[in-house]
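Just so it is clear, A, B, C and D label the chains in written order, and each chain counts residues from 1 on its own.
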Amino acid sequence: MSAEGKESSEAEERALLRVREARKLFGGFAAVDGVSLDVREGEIVGLIGPNGAGKTTLFSLITLFLPLTSGAVYFRGQRIDGRPPYLPARLGLVRTFQITRVFARMTVLENLMFAAPGQPGESLAELALAPRRVRAHERRVRERADELLRYFNLERVRDQYAGTLSGGQRKLLEMARALMTEPKLMLLDEPMAGVNPTLKEELLGYVLDLRRQGMTFLVIEHDLDMIMRISDRVVAMAEGRVISEGPPEAVRQDPAVVDAYLGPGGQARAAPVDPGPPAGRALREEGRAHG
Amino acid sequence: MARPEPQAAEPILEISGLRAGYHDLEILRGVSLVVPRGRVVTIIGPNGAGKSTLAKAVFGLVRVRSGEIRFEGQSLLGLKPSQIVQRGLCYVPQTQNVFPNLTVLENLRLGGTLLREGVERRLRAMYEMFPILWERRHQKAGFLSGGQRQMLAMARALMLEPRLLLLDEPSAGLAPNVVDQVFAKVVEINRAGCAILMVEQNARRALAMSDWGYVLDMGENALDGPGPRLLADPEVASLYLGGLGGAREKSRETPRPGAGSEDGAR
Amino acid sequence: MSGLLAGLVAYLASFLTNATLYVLFVVGLNLQYGTTGLVNFGHVAFLAIGAYTAVLLGVHGVPILFATAAGVAVSAVFGVLLAFPALRLRDDYLAIVTIGFAEVLRTVVNNVQFTGGPQGIYGYAVPLRDLGLGYQAWQWLFLALVVALTALAFALTEYVVRSPYGRVLKAIREDQEVAVALGKNIVGYKVASFALGAGVAGLAGALLAYYYGAINPHNFEAIVTFEAWIIMVLGGTGRNWGAVLGALIYFGLYSATARYAMSGVGAIAADRLAALRIVAIGVLLVVLMIYRPQGILGRKEDLGLER
Amino acid sequence: MLQFVATGVVFGSILAVTASGLSLVYAILKLTNFAHGDMVTFGAYVALFLNLALGLDVWWTLPLAFIAGALLAVALDGLVWAPMRRRGAGTVAMMIASIGVALALRNALVFLFGADTTRFDMPVQPKVPLGSLPVMMSADDWEVIVAAAVAILGLHLLLTRTAIGRAMRALSDNAALAWVSGVDVDRVIRWTWIVGGGLAGAGGVLYGMTQPFNTNMGWFLLLPIFAAIIVGGIGNPYGAILGGLLIGVAQEVSVAVLPTQYRLAVGFVVMILVLLVYPRGLLGQRSLS
């Protein structure tokens, strides 16, 4: 932890994503209430917090799915809020969804090929005037897609409708599809939700492997063990605000985070039943052992 | 660690080997639990452990693949929600649990839809238990505060005098002192003879007031035991809190500033 | 004997021409709904615009080739105009707006002078008619023209649908938010898809006008749109071959019952039998939607997987 | 000018009756029913049959047409909509099916009654001036307005004062919660069709009282009816009443400046304008309250 001070001083210039005082009101309710955070190149940042903390809303604000009420979002030094929602992906910022959203009535291969950027064949003029160029580019896109299908072990279902895939395969497809956009930063929204332990390890492996190849991640995850294992840094949110931020170890120690998850401390206050003797020491030790 | 003794009272709800999920995502992978008549049982577990799915599965809102759900000895599988309600098991969902464009009174009357007689008697009982609802009876439910809505949702479910009330995270999104009020009501409801099966994220308070607690992890039973003792169980912390448990004691020493004094009406 | 045969041959030509024109018309609808997911319940409007534009220009001395091209272009332009308000609308609103557009257009055509009002227009020049061929030979020649143009439109839309461009259209149909999240600017695609479909319908309209030799507002009633929908869903939405199959089945059934509908059966007058035929069409549509919404060629998952 | 407003109010109240039924069906079933106009036609022809063949006074046919419309709607639900709901059909599939129902229903009526324009056998009443205003209205005009008002008042009382009305509002508010609160959803749906179909049937009779009609009347009414519910806010029967009156008056007043044939277009244009300015309609969306 000795490097902490140095890290924060370098944070500004190295930040790939900077969110400043992001706020989102729904009616009078602040779903995101003045959130600032940075994600630096090559990092895996975990975003945690109880249900309703505003994590997914924050994702939607960063990817311009929803307009900010106030605040700013910078990606690679460029201010992007207020710009059209297709822009982030073009700049290298792509997200996945809590509940997977694949193009059900398109094949797995089509799902991937669709996401590739800069395709000349997406213009009618090019289709008419430069069919050869379109075909050549298609070939390259297909090769890249096949590569990813191999990487994610989806070759067998390449030509199936994505709607026929299992839940786990959909997760992988969504991640592969996001990778087709050649992103710098991936926002993963609960990649482990509803996933069996084997696939969880597999997904974890992919994230770590991609990071080794230079990818940056911001990950919402409820599986705290998982998030502690993969994150360089953890940001905890509750009720629309950042309540704690730092290395996993520090966030884990933060009483505010524990309170947010377990309910505020002092459980005896309103409890009509005697809570019994505290077992703090044992809990702490057990907790460390699991950390 | 010694296993707690089996519960003594006669079971009102028994779930065994329940597997359920959406599409091809299996959220529950074999859950079993028992609610004794007249007791409070709480299910806790990290987000995504399948707590809410369990509540929905009991109510037939999620397709059950295998396993059994018995209420007073009879299977609930394949029944319509209205039939389940009729048998004496009522449900309060986590969110959107009132009809915002209906008045408080209309919400309550709707809760009593299946009553053939005694609607007025139940209304009086509900107003007695929740005086705020009497004051607001002609207001649209959409204008109530979060805590008041939760009270109304519980009252609506209680109109039918259920023998078991299923609560899905009654404390979600409420300010701490409102949570206190809600939990106090839950105890009051229980003392009036209604068994409670509660799904909660707020483990500390929920377990403290429960006769029995179950911890779910990844859609499976992880631990169970008497509520307060379960809360003290070190294994719970490791399962439920991931690596966070170590901070627990520290947090008790330094309570969050203002945590208990926020105004309830947000 | 030879008279009977000649009658049969002529009948076959008219059957095939009608069916092919509908294939063309449905190819346009299929691009809009089957591929891109835009509900268009007023497709007949573009048929009418193509027909009237081509005929009116022809009457005023514009060569047929240019008049026909103008019919396509004007239809496409109206497609763009209608697409803009429609872009933000949900399926049900879009359905109502398109129906309304078609009905209002028909009202206008019925009531202005230059379209000939309810009497319509007749006696205009028709392609290939001045080659000095007999009517029957012309019929076959014209059929060949219709088939050739339909095949061309068919091939071009297939090319587009199978291209990266078509992939974007399909992604819009499946989940437009995700398409945007992956970096595609979808607005232009939706407008273009609607306009292209309208243009194809405009071509069908011009050819229809040439084939009939006379047009009036009665030719462009809402039922024509719904016939196109039946043909599309019969074959299976999103598949152009489905349009061919659907048109053959639909016109097959239609012709099979035509003799009775023309002459009546016993005491039942012809117009009542025609009505009964439309009752059957309606029932067919309902039964199809209940039991096989994905159509005959459609895969089972085509509709079952909607979200 | 005032005369056009008066005629518009008469037509508008008929629109209000039919549109509120359609809106109710949408609110509870989320079904955009393109066959609603032909259910209006059906009501008119049931009344025509009772009036011409059985010699019943037209006013007496009004409740009978209501019942016939309700029965038809319930039957169609059993034959078409319930199976589609069970199979989880999408909104577009339901819309296409409703087109099929519309075609079948309309042409069944053509088959039975022919396509010619017809009218009820009822005494022609003189139009008399309304006080000192330059407005002529017949007794029938007034009666149509009163009947429409009674129907709408009945709908209002049903929605606010009865258990089934409360359940309807609950179902449109939050279907999932209604489902788990013990509401018998099948029963509410049945009543929704009874009311929606009944109002369509009765609306058809009211229309027939004001002018000659043929089997196409429902199709021509469909656009103004949809314009009314969209202007008022789709799924809100009270909005449909407001929208019906607005569209009715707008269409008739347009006759002062445009050829009468464009009345239909006027309603449509008003609808487009409202959609552009208030995408959710004047009284908002999806609420029965």
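Before moving on, here are some points about what is shown:
Please note the rule applied: contacts are C-beta pairs under 8 Å (C-beta built on N, C-alpha and C of every residue); 3 or more make two chains touch, one makes a residue touch a chain.
No experiment lies behind these values; they were computed from the predicted model shown.
If you take chain B and chain D together, no chain is in touch with both. Note on connectivity: the fewest chain-to-chain touch steps from chain A to chain C number 1. When the interfaces A-B and C-D are ranked by C-beta pairs in contact, the top one is A-B.
With every chain reduced to the mean of its CA atoms, the largest distance from chain B is reached by C. The distance from the centre of chain B to the centre of chain C, with each centre set as the mean of the Cα atoms, comes to 57 Å. Distance between chain C and chain D, defined via averaged C-alpha coordinates, is recorded as 31 Å.
One finds 50 Å separating the Cα centroids of chain A and chain D. Under the contact definition stated at the top, not a single residue of chain A touches 2 or more other chains.
Pairs of chains that satisfy the touch definition comprise A-B, A-C, B-D, C-D. Contacts from chain C toward chain A in the complex involve residues 159-160, 163-165, 167-168, 170-171, 173-175, 177-186, 192, 238, 299, 301-302, 305-307.
Across the complex, chain D meets chain C through its residues 32, 34, 80, 83-84, 87, 89-97, 99-108, 110-111, 114-115, 219, 222-223, 226-227, 230, 234, 259, 261-262, 264-265, 268-269, 271-272, 275-276, 279. Of all residues in chain C, only 39, 41, 85, 88-89, 91-93, 95-97, 99-101, 103-104, 107-108, 110-111, 222-223, 226, 229, 233, 271-272, 275-279, 281-286, 288-290, 293, 303, 306 touch chain D in the complex they form. Residues 59, 61, 81-82, 85-86, 90-91, 93, 96-102, 106, 109-111, 113-114, 140, 156-157, 160 of chain B touch chain D in their complex. Remark: chain A residues 63, 65, 84-90, 94-95, 97, 101, 103-106, 110, 113-115, 117, 119-124, 127, 134, 138, 141, 161, 163-164, 177-178, 180-181 touch chain C in the complex.
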